[in-house]
Amino acid sequence: MKFFQKTKKEVNKHQKALSELIRVVGEERILSAIEDRICYSYDATRQKVLPDIVVRPADTNDVSNTLKIASKYKVPIYARGAGSGLTGGAVPLMGGIVFDLKNMNRIIEISPDDFTATVEPGVVTKELQDEVAKFDLFYPPDPSSAAFSTIGGNVAECAGGITGLKYGVTRDYILSLEIVLPDGSVINTGGKALRSTTGYDLTRLFTGSEGTLGVFTKITVKLIPKPEKILTVAAYFSERDDAVDAADLIIDNNILPRTLEFLDQMTINAVRGYTGADIGEDVKALLLIDIDGTEGSISHEVPIIENACRESNAFRTKVAETAEERDAIWATRRSISPALYNIAPHKINEDICVPRSKIKEMLQRVDRIKTDQPIYIANFGHIGDGNIHVNTMYSDDPGQEELAESIVNKVMKEVVKLGGSISGEHGIGNKKSQFMELEIPSHEYEIMKKFKSYFDPKGIMNPGKMFIR
Amino acid sequence: MELRAGKNKIDKDVFEELCSAIGRECIFDSIEERERYSFDAANLKSMPDLVIMPRSTEQVSGILSIANKHNIPNCTRGVVLPGGAVPIRGGIVLDLKNMNRIEELNARDLTITVEPGVVMKDLQDEVVRSRLFYPPESGSEILSTIGERVAECTGGMTGMKYGVTRDYVLALEIVLPDGSVINAGRKTLKSVAGYDLTRFFVGSEGTLGVFTKITLKLLPMPEKTGTVMSCFKDIEGALDATDTILSKNHLNPRALEFADKTCIDAVREADNGKIPEEAEALLLIDVDGNEKNVTNDISRIDAICRENSALNILITHADEERNRLWDIRNSIFPSPSKIASVKYDEDVTVQRSKVRDVLKRIYELSNTYSLEMSVSGKIGEGHIHLNVTGNSADADDVSVHSLVSQILNSVESNGGTNISGLAPHESEIMKDLKRMFDPKGIMNPGKIII
Amino acid sequence: MTTDWKEEVSKCSKCGKCQTVCPVFLETGDESSVSRGKISLAEALRDKQIVYTERLREHVYSCKKCMRCRKVCPSDVDYEVIISALLRGVADEMGIPLMPKIIFRYMLPRRILFDLMLKVGSKIQRFIPGKRRGQMRHLPLLFMGKRWIPTLAKKTALKKFSTTRKLKNPKMRVGLFTGCLINYIYVDIAEAVVDVLNRMNIEVVIPQGQLCCGTPSSTMGDHKSSKKLAEVNREVFESHNLDAIVSACATCTKSIKMDYLRTLGPSWQQMSDKIYDISEFIEKYCGNDYKAKPIDEKVTYHDPCHLMWVRGITEEPRDVLKKSSDFVDMDMAGSCCGGGGIFTIIHYDLTLKMLERKVNSIERSGADTVATNCPGCIMQIADGFAGKDSKVKTTHSIQILQKAMVNGGVDNSDTS
């Protein structure tokens, strides 16, 4: 755990801010004991920096009051959902206040007639999905952390997930936001009507802004009808490129699968070693395909998908219809994360995104970078939208971490050369801010910084993230 | 009537500068050319000082930097601008119709990169040739350009199922008012590096910069599309059927269009007797997907319409027949103007669940003011298109105004389009952002989007 | 201890997945409630960035030790090692509160003293007013709090079954580990176990001299007491030549089957392999050859944490209930009822919230009776219904089976 070194003046200001917070927001919403602050010092990047104060607001008013005080004393403020981010978005790099929004977790309204739901930011994404499913509705963005990450965090990072190819990402489903700006003022963007367009699209400007511009206090999302049925096809390949070809061929056949997941050989080996899953040694690549729709539509698409896979040299396909069968297939995907930790204790998980036509090339370049290096790289991910998770696994041995970092560095450069993006869905945070300028030209970078300084002139919102200079 | 047309207010020096920067052949300054780009607005005829038709990003950049330097107001346009940029203060009209190259259609990546002047019909033809699909089409406005569509973030007929333009814009090349060129977004389906400049510019109506290249996301073409046209003897029947189709059965049609009796009567001549005399309302519904999907959805929609006492139902899978049915719909828009002088024409959106209430209020008000109105729209998305037609003798401007403002109040109180504009704080923010990009206010100055 | 907690904490990747299952976090939303938070605290302790304080103790005690998190952890962190170390640290550095200490150190290991204390309690409780449906306010003697708990039995299970009912030609001979709650309060459950197994021609020995399993003391970090108890229990059970050991208490089963492997070492493995939850035992050894006439009652089942999440046993109790009643599943059957030792006393308000969730699930299922395999859960859930004046009964699944067997007149026992 790190402690951000503060000047005497800063310590003094923090003290004043704390006593004012206790007075205005209330002692019961503030944690200041070190035993509590430690629990808000990290996120899923394992970085740990101790915050000075934790505020747990109950409503928009608390959020506004806290921001006013933070602004007055120029105390950094770090909004936090579930702390499950992969780029350091919630880590209080410069100490200050951590804003724990988990207690603002009411589902305010589900309107089945309007196909909308309005929620507070602390609602867990899966809970929203489950609640709307009761009305036969569907909130598609489905990051693999959906069972614990919050909708506020998802909007802040513009989370994607396995349904991106067919259904898009978080920003495609946000209709309106209530946002508290750093000065404590509250604005409303967008509208609950499906087509409201008034003025500039602030909703999307704030979606994916990673807590650097303001804090969301209310989020209205668009819902769509829940597909009647989901079916899973698994296809096994002896060549990696064949799996990529199969994915292409499926889409060429006018089918947009709900999910199209790809696992490379390293990933498969890890899973086999970990779960003893029944995947033969000859399997070098695996596609897990979910299709959804009506019964009739699915039965129409299954043979097309199976053919496409076979045409691309899949030596086996497996169709799973029941929930149990599907679950058995997806267990492989779910076990990737623990399986990888079995190979090495640490990983850098990059979520690069390239145009689909560049996937083969990208994977080859990763191979070339890895050549002969004593490190493991496992590639898997959402192949349909070109979003590949490149996981560099390293051990505690000396030099390993540096090696992993240099590999990631090289991978990022190749991604940008191929017209890709350094982050498809995880965000930038502080973990990737060094790569921002690889992808974003300097003028665009400056424009983004102008937005930042316009909304947050004092620089108190999530300082240390997204931009490095 | 004030006529500001005659004199060209652009200094000779500036004109020369423009000519040397981009070439004389792109610049038009004859009265005839300029007149073609002038508009009538509130009895004030205004005309641009110059019309420029650039062919490249560099030229657009050159024009804007000169205009910026000399504070010349500026507006971009394609072919048709529905109520769009009116060069009230004169200045330069940038007509991008010559920037109409389709640069790349990549079927593998499901993307297409085009210049802004590409006409929607050409774009659609190109996309269809590759058996792909660009959903935000817009029935009759097939002549507008993609640049305008992105600038306006239009929805089109298929919005309910497929969303609006911004959901399909992946990347933009933008010339900012100072002439600098930026690239926003990435040609990948996902990208979250930095703030979302792309979507911020989509829908900015030409007030922040000029798009010179647009990359759009495409979808595989749905295998089939089927159409149902159903007539009802009362409006309630049509609304009930809509609710059942959408809320209870979740059929997610590709398009769903409602028209009331006034609209129907206006297109009687076009319908070839397909619409019964006693029809008070009409639903035109498209579904798409694979063959089985379409057949299944259509039979369910058919059953639902029957349950809601539809008068007659026409079903077709054939493209030609489908087009004929949609022609009826498309003729609805120009038609009211055929039967009467349209006093007021407005598109509003409300929360979908509030459509019924708002329609009720509209007809109540129509009775109170004895003003004839026609209502249509994509009610599945809460979209209502209304015309006040001035058939009755006492349709003076005052009563029309009063009627409309009462309707809009009702719309606003039903979660709809914010007619009275943004709340003061939000409005300030947008003005600030406008200033941030366009400090001299040269971009589309006639356009008030805030 | 085989695994070092100081290394174990480094395995946590801080992904946050434990939030999905932690019953305490579900209520508080506070990171200090969930394993990831406690692991961070352990890390800070290891790195000497904090010391044991009152606040830390509160956080450490806010764990229910249900071990759900262990089940879902993608990095396979052995959280039990970490929380045990924290509890022991709290005990070592800050001491154990006096009252529990006296009980753990002096009374639990001495059956006579503990019996005597509870006997006095059972006499006194007769004069306590305001009992509801056999429940009364929490014993002021043992704990503090405002809970409804059942009255103490007049005769403990150990006394009641001090002599074994001999069978002539038994299929097997098993020992019953009663556990404190069954011994002192739910003697009916012990009776049902003996009756049901006898009817299946299985002889049941209740070894005298067995003591508390040690969970309460280890929960308070008093591993010294736990070890002492484990050693006595080992001696007692090893002295009988038993084919198997069963328990009707999920927590006791977990403790003697799994925790003892740690306290007593690998030499316990052989005994550990023979220890079963009662339903698990019945389904394994008598699953196909017992008959019962299902009772005319709608019965639902609550999964005790220590059975479902620690041992993965969910089907066997349901199979038993399906054969003996009109079984109906409830939603969220695996959510924690909130019961369990020190947690219920220190975090009573949280306990109530969890209980309310559970009671609502049970009511939604439309069952007349909720059965479970843990007397701790029974006590907790009955507490919930007593407060509500509801008609739903709370019982052990073995008692339902007993009724069904009596109902069907099934008796395969061969008494000498």
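Note that the chains take the letters A, B and C in the order they are written out, and that residue 1 is the start of every chain.
To be clear about the criterion, a residue touches a chain if its C-beta (ideal position, glycine included) is under 8 Å from a C-beta of that chain, and two chains touch if they have at least 3 such contacts.
Remember, predicted model here, so these are calculated numbers, not experimental data.
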{"item": "Relative to chain A, chain with the most remote C-alpha centre", "value": "C"}
{"item": "Central chain of the complex, centres being mean CA coordinates", "value": "A"}
{"item": "Approximate Å spacing (C-alpha centroids) for the pair chain A, chain C", "value": "39"}
{"item": "Rounded Å distance between chain B and chain C, as computed from the means of their C-alpha atoms", "value": "66"}
{"item": "Chain A and chain B: spacing of chain centres that average the CA atoms, whole Å", "value": "33"}
{"item": "Residue numbers on chain C that touch chain A, as the complex places them", "value": "10-11, 13-17, 19-20, 29-32, 36-37, 40-41, 43-44, 47, 49-50, 53, 55-56, 59, 73-76"}
{"item": "Chain A to chain C touching residues, read off their complex", "value": "1, 33-36, 38-46, 48, 56, 82-84, 100, 102-103, 105, 122, 126, 145, 147-149, 337-338, 341-342, 345"}
{"item": "Contacting residues of chain B [partner chain A, same complex]", "value": "106-111, 131, 153, 155, 159-160, 163-164, 166-167, 180, 182-184, 186-197, 199-200, 202-204, 208, 219-223, 243, 247, 250-252, 289-293, 295-296, 349-353, 381-383, 415-418, 421-423, 425-427, 429-430, 432-434, 436, 449-450"}
{"item": "Chain B contact footprint on chain A (complex, rising order)", "value": "111-116, 136-137, 157-158, 160, 164-165, 168-169, 171-172, 185, 187-189, 191-202, 204-205, 207-209, 213, 224-226, 248, 251-256, 293-294, 296-297, 299-301, 353-357, 382, 385-387, 419-428, 432, 436, 439-441, 443-445, 447-448, 450-452, 454, 466"}
